[in-house]
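Both complexes below contain chain A, partnered by chain B and then by chain C.
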Partner chain A sequence: MIERLLARLPRGARAVAVGGIVAGLAAFWVALPPLHLRTPIPSILIGLAALALGGYAISRGVKRLGWGAVVAGVAGIGLGYLATRSSVDHLDQVVVWSALFAAMLRYATPLAFAAMGGIFSERSGVTNIGLEGMMLSGAFFGIFAADKLSSWPLGLAAAALSGALFALVHAFFAIHLRADQIVGGFAINFLALGVTGYLFIDTYAGEGTPPDVPEIPDVHLSFLEGWYFVGPILGQLNLMIWLAFATVLLSWLVLFKTPIGLRLRAVGEHPRAADTVGISVYRTRYAAVVLSGALAALGGAYLSIGFVNSFNQNMTAGRGFIALAVVICGNWRPFQAAAFALLFGFSSALAQRLPAYSESAAVLFQALPYVLTLIAVAGVIGRSIPPAAVGRPYKKQ
Partner chain B sequence: MSRQHGFLRLLLGLAVCLALLLAAGCGGEDESSSSGDTGSTESTDTDATGGGGDAKPFKVGLVTDIGGINDRGFNQFAYEGLKQARDELGVEIRVAQSDSNADYVPNLSSLARQGYDLVIAVGFLTGDATLQTAKQFPDTKFAIVDFGYAPEDELPNLQSLLFKEQQAGYLVGYLAGLVTAEKSDRTNPQLVIGSVGGQKIPPVDRYIAGFQKGAKDANAKVKTLNAYSQDFVDQGKCKEAALNQIEQGADVVFNVAGGCGLGVLTAAKDSNVWGIGVDSDQSFIGAQVLTSARKKVDVAVFEAVKSAEAGEFEKGTRTFELTNEGVGFGKVASSIPQEMVDKVEEQQQKIIDGEIEIPETVK
Partner chain C sequence: MTETPPEGGGKVENPRQGGDYAPSVAARVAVWHKAGGIAVPLLTTLLAFFIGGLVVLATTGKNPLTTYKAIFEGSGLNWFLEVGSYEIGIPWTESRVWFPWDTSFNSFAALNLQQTLIVYVSLVLTGLAVAFAFRCGMFNIGGQGQYLVGAIVAVWIGSELPGLPGLLHILVAIVAGALSGAVFAGIAGFLKATVGAHEVISTIMLNYVALWVGVFLFGLGGPLQNDNVGGESVPVSNDVLEESKLNVFWGDPLLQGLHVGFFVALAALVVYWITLNRTTLGYEVRAVGFNPEAARYGGISVARNYVLAMAISGTFAGLAGTLDILGWQFRLNTNDIFISSIGFVGIAVALLGRNTAIGVALSGLLFAALLVGTSTRNLDPEIFRPELASNLTLLIQGLVVLFVGADVLILYLFGIRRRARQRQART
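Now for the complex of A and B:
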């Protein structure tokens, strides 16, 4: 097992390029807390090392990673220099590593759930733009059921059920009626927006959701408490964050290590072939889409009963679409998608803290996650290849 | 070929959706300016018993900002004040909620067009829209909560209802300064407290400036943190901002962000520190609420309706402060010793006596 993992590590020039990228990051890091060196010289030296490593890698033909190292080196020098010029006070306020990483996990969790849902749906060949609406329905019905039934597990169950129902509608239109899946998905989004908005006002108008709704508990790991850095991050995480980790792992196992996963991917790549060997394309697609709705809804439920313990109209605010981007950036693979969810979470957490420097640029900083995603997609990942039959309805002959 | 085809379809789909979105947006606006306020809840209530022998009751309309009337903050209290006016003065009332900043002008002008005698706009964010609408409808009286106009912008039919939030902020900040230095299960040894504002706008900054000054006056060693969530609705953003401050050692966090700020109080609950409510008395939210900086929007709205209904509408600014009980601090958590509350009340008297100068802007 370990040997196999080692065999997958980059070698030769690729390893040099990866080292260059790490050096570029390190050039920035030395200027930040807890080290915060107040002179730019170490940043510049380490950054130059990154440039050299990148140059070497490019000369050996490792273009993409090599240029990545060069960019990281230049950015490391620039950002490191800026950091040494900014006041320690500001730096301490923005860069609290443990808080940043904890916030990263909180931002990434709903994305990870929805993205896993998206992967299942798209791997089976059905585009699911309705993730946003399914998340929103999960957020509302999660808190609605938790409130009315006084139980958060029932809230979660209701959330998953509502997402699954919306997904079933989408599946019916996409699979049986062979309607355009983009339009169908958008219809789901508007439908969910309307249904949750109406029910919310009808049930809670004037009051908002009550403050004492049962919420998904945090997991207290008291033995971690004293640990440096790790303790504050992992010591008190919401149960849903741990479940998100488990969901990513399970998604990977199911998709790539079980016969079910193989069938599902076959249906998404070449439904005719799958049909010929006796796999029911319709049934597989229905199951995958319904599962994707349930997963997305769990992500939404985390937002309402896991995180802020209240509901607002349209509270998902586009997270479903970001999850869709995460699916694509992650090349329809669970671990890569999870990594992108984390990157997105980290940059969101950072963007939220940067206004300490400039209040007037606050709105600009909020674009940071999107810009970083663009850079990551263009620079490091390259072309992502969707399942061959995604978005194409299948007609049985 | 197939991938190309899929991509084109995606583009086409997106274009269609964008068009749909635009159509939905425009449609909504059209409707709200012509026939009322689609997409926003509204309510009309007439009090049959009130109004005396008047053939035509005095009609008052209220336009909320994007916080909405269930923000448990100033929009809700403006509505409370309006309901009080309906019950006690027998005026006819109507509320138009705004779902986005683009709704202010349509909502305001539709109420004016429907013959409402007084239209009240709630919130600093409605400032420009109210000025614009007041110019268009010189026969309708307008009142606005939280926005003061420059002298050259003042109109004869426009009244500003302003608060000295800095006084309320000072008092809760003073209490926070005392509490953070005290040993308890909700405080830590560090003398750090924080505030989370929605946006850097004057009413928010007056609270925060007062909060910081009050804390320093209580204990010069206290360090104050401050952040803005850039949002008055999304509780997640405020919760994140508060958690960041708590991680830096803050054991009292002050919500200055309306509905979004409820997330600050959730963060305080999760991390077992103190939270301070804003505008309304938010002690009902939980045991983590130390006290609330009160800004009695209900009083201001009621007073504005009352004088307008009596024909005593005046242009310019009406200020609500400690002396006329327009601001103050709310219920203090029961575990706080009475001496601390007494000290805060001493400061309150000093402010009323004009002995304390409180800044209005955050450095």
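Now for the complex of A and C:
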């Protein structure tokens, strides 16, 4: 097992390039807490090393990673220099690593849930623009059921059910009626916005959800308390964050290590061929879309009863679309997608803390996921290749 | 020398069956499409309103018809029903002539209708923005972003450049706003044409880029935040200058009367129809929309048409943002940017209007009436709570989009009826 993992590590020029990227990050890191060196010279030296490593890798034909190292080196020098110019107070206020990482996990969790849902749906060949709406319905019905039935597990169940129902509508129009999947998904977003808003006003009369709704509990790991750095991050995380890790792992196992996953991917790549060998295209797609709705809704429920403990109209505010971005940037693969969920979560966490420097500039950080996705679909960093049959309705013969 | 067309306008009758022959499959499909062109949107709307009515009945126990009537009156469309004998002034003259409807300031319906038509302006334009891209085979979800970019540029130009003569200032702002929308949408078209990036993904992402850039510009400490004394804590732009505001031709300028941008929207409908149906560009755009491969084979540059179609789409949406700013909003605050969803409603307008000029003109009116009729300002809270009603609007919009997307549903129902008839005939 360990040997197999070791065999997958980069070698030769690739390893050099990865080393260059790490060096580039380190160039920035030395200027930040807890080290915060006050002169830019170490940053510049380490950054130059990153440039050299990157240049070597490029000369050996490892283009993409090599250029990554060069970019990391340049960015490391620049950011490291800026950090040495800013006051230590500000730095200490913004860069609290453990708090940043904990916040990153909190922001990444809803994205990860919805993105896994998106991967299932799109891998089976059904585009799911409706992730946003399914998430929103999960957020509302999660808190609604948790409040009315005074139980958070029932809240989660109701959330998953509501997301699955919206997904079922989407699936019926996309699969049986062969409607345009983007139009259908878009309609789901409108519908979910209307339904949740309507019921929210109707039940809570504009006064907001009550403050004593049962919440999804945190998991206290007391044995981690004394551990440096890891303790404050992992010691007290919401249950849903751990479930998100599990979901990512399970998604990968199901999609790439089981016959079910193979069938699902076959349906998304070449439905006719899958049909020929006896896989029911319709049934597979229905299952995948309904599952995607349930997962997205769980992400939404985490928002309402795990994270902020209240609901507001349109509270997902585009997170479903970021999840879509995560799916695309992550190349329709669970682990890569999870990495992007973490990256986008980190940018949100940073945006929350940057106002110490400049309130307006922090706002621009919120646009980062979208810009990165644009760059990704433009094919600048790696080519994102969707499943071959995604978005195309299948007609049985 | 002109050839005389064959008798009967070129129609060839089936020689085997004389005049009474069964239409071919293609002809039948064409009839369905034609019938679907009118019937499907109408049925869709009725069905959506019916379901919306059921929701009203089930949740509040109120009569849905009373609610819909209140919404109708809130939209001011009842103005057309109150026919009487009134007078209207002729522009640029002192004379007044007879007019069937009340244009005086004391007509409530007229006040409401002005609001509806103000929203109508932006809905028609964002609807056209979606429709034009559709005709080229692209789904432009980015109407919202293009609208915002147009609005941002209009605020910037409208509030700067003091001393420029009024009309010129307005023209500069409008051209700049529309162009910025074109460029912004052009990015998505360019990405599709060059690297094949799906326009849905790129326009969604561009929407949020526009949103956050707007929030950055007008937010606290942002570069375009207002420079009023004591206004540092208000995240709002400067007001546009007095001379760059559009003329109000109906109603009181202080009470948000109808601005002349209304005629721009009407002109845009005509321009849309002419461009699509009477120009080479429109022919190429439609050819690419029908079948890009065939168009390419026929010598049409598909890539060029993708970029152009998106840019023209963006022009319409950017124009919508510009006219809203110069016509009645006069400023942008960050909350408006978050809440605004005109560009998204434009998608529903285009879909329901079947991407035709006349369809957009009609469905735009429907959605404008719904939006305004359910607003807090216009809906009678005694009859139905506006907060609820605005969500009802969203619900109806969603249903409309859902059903319109499923033409197959209609064909399917046709099929069931035909099969049932055949079964009957057999037994």
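Operating definition for what follows: the second predicted complex is superposed on the first by the 379 of 397 C-alpha atoms of A that agree within 3 Å, B and C clash if a C-alpha of one lies under 4 Å from a C-alpha of the other, contacts with A are read in each partner's own complex, and residues count from 1 in each chain.
We adopt the following convention: a contact is a pair of C-beta atoms (placed from the backbone, for glycine too) under 8 Å apart; a residue touches a chain by one contact, two chains touch by 3 or more.
Nothing here was measured: the structure is a model prediction, and the numbers come from that model.
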Partner chain in contact with A:V96 - chain B first, chain C second, else both or neither: first
Partner chain in contact with A:F307 - chain B first, chain C second, else both or neither: first
Contacts of A:I328 with chain B and chain C, given as first, second, both or neither: second
Touching partner for A:G194 - first (chain B), second (chain C), both, neither: second
Chain B versus chain C as contact partner of A:V363, first or second or both or neither: both
A:R353 touches, of chain B and chain C: first, second, both or neither? first
Contacts of A:A246 with chain B and chain C, given as first, second, both or neither: neither
Partner chain(s) touched by A:V277 [first = chain B, second = chain C, both, neither]: neither
Residues on chain A lying within both footprints (that of chain B and that of chain C): 129, 180, 182-183, 186, 190, 201, 206, 313, 317, 359, 363, 366, 386
Touching residues on chain A, where the partner in the complex is chain B: 92-93, 96, 98-99, 102-103, 106, 129, 180, 182-183, 186, 190, 201, 204-208, 211-212, 218, 232, 236, 303, 307-310, 312-313, 315, 317, 349, 352-353, 355-356, 359, 362-363, 366, 386, 388, 390-392
In the complex with chain A, residue positions of chain C that touch it: 55, 59-60, 139, 141, 191, 195, 197-198, 200-202, 204-206, 208-209, 212-213, 215-216, 219-223, 225, 338, 344, 347-348, 351, 385, 387-388, 390-399, 401-402, 404-409, 412
Chain B to chain A touching residues, read off their complex: 2-3, 6, 9-10, 12-14, 16-17, 20, 24, 41, 69-72, 76, 79, 99, 200, 225, 227-230, 233-237, 239-241, 243-244, 247-248, 259, 262-263, 266, 270, 284-286
Contact footprint of chain C on chain A as seen in their complex: 129, 169, 173, 177-180, 182-184, 186-195, 197-199, 201-202, 206, 313, 317-318, 321, 324-325, 328, 358-361, 363-364, 366-367, 370-371, 373-374, 377-379, 386
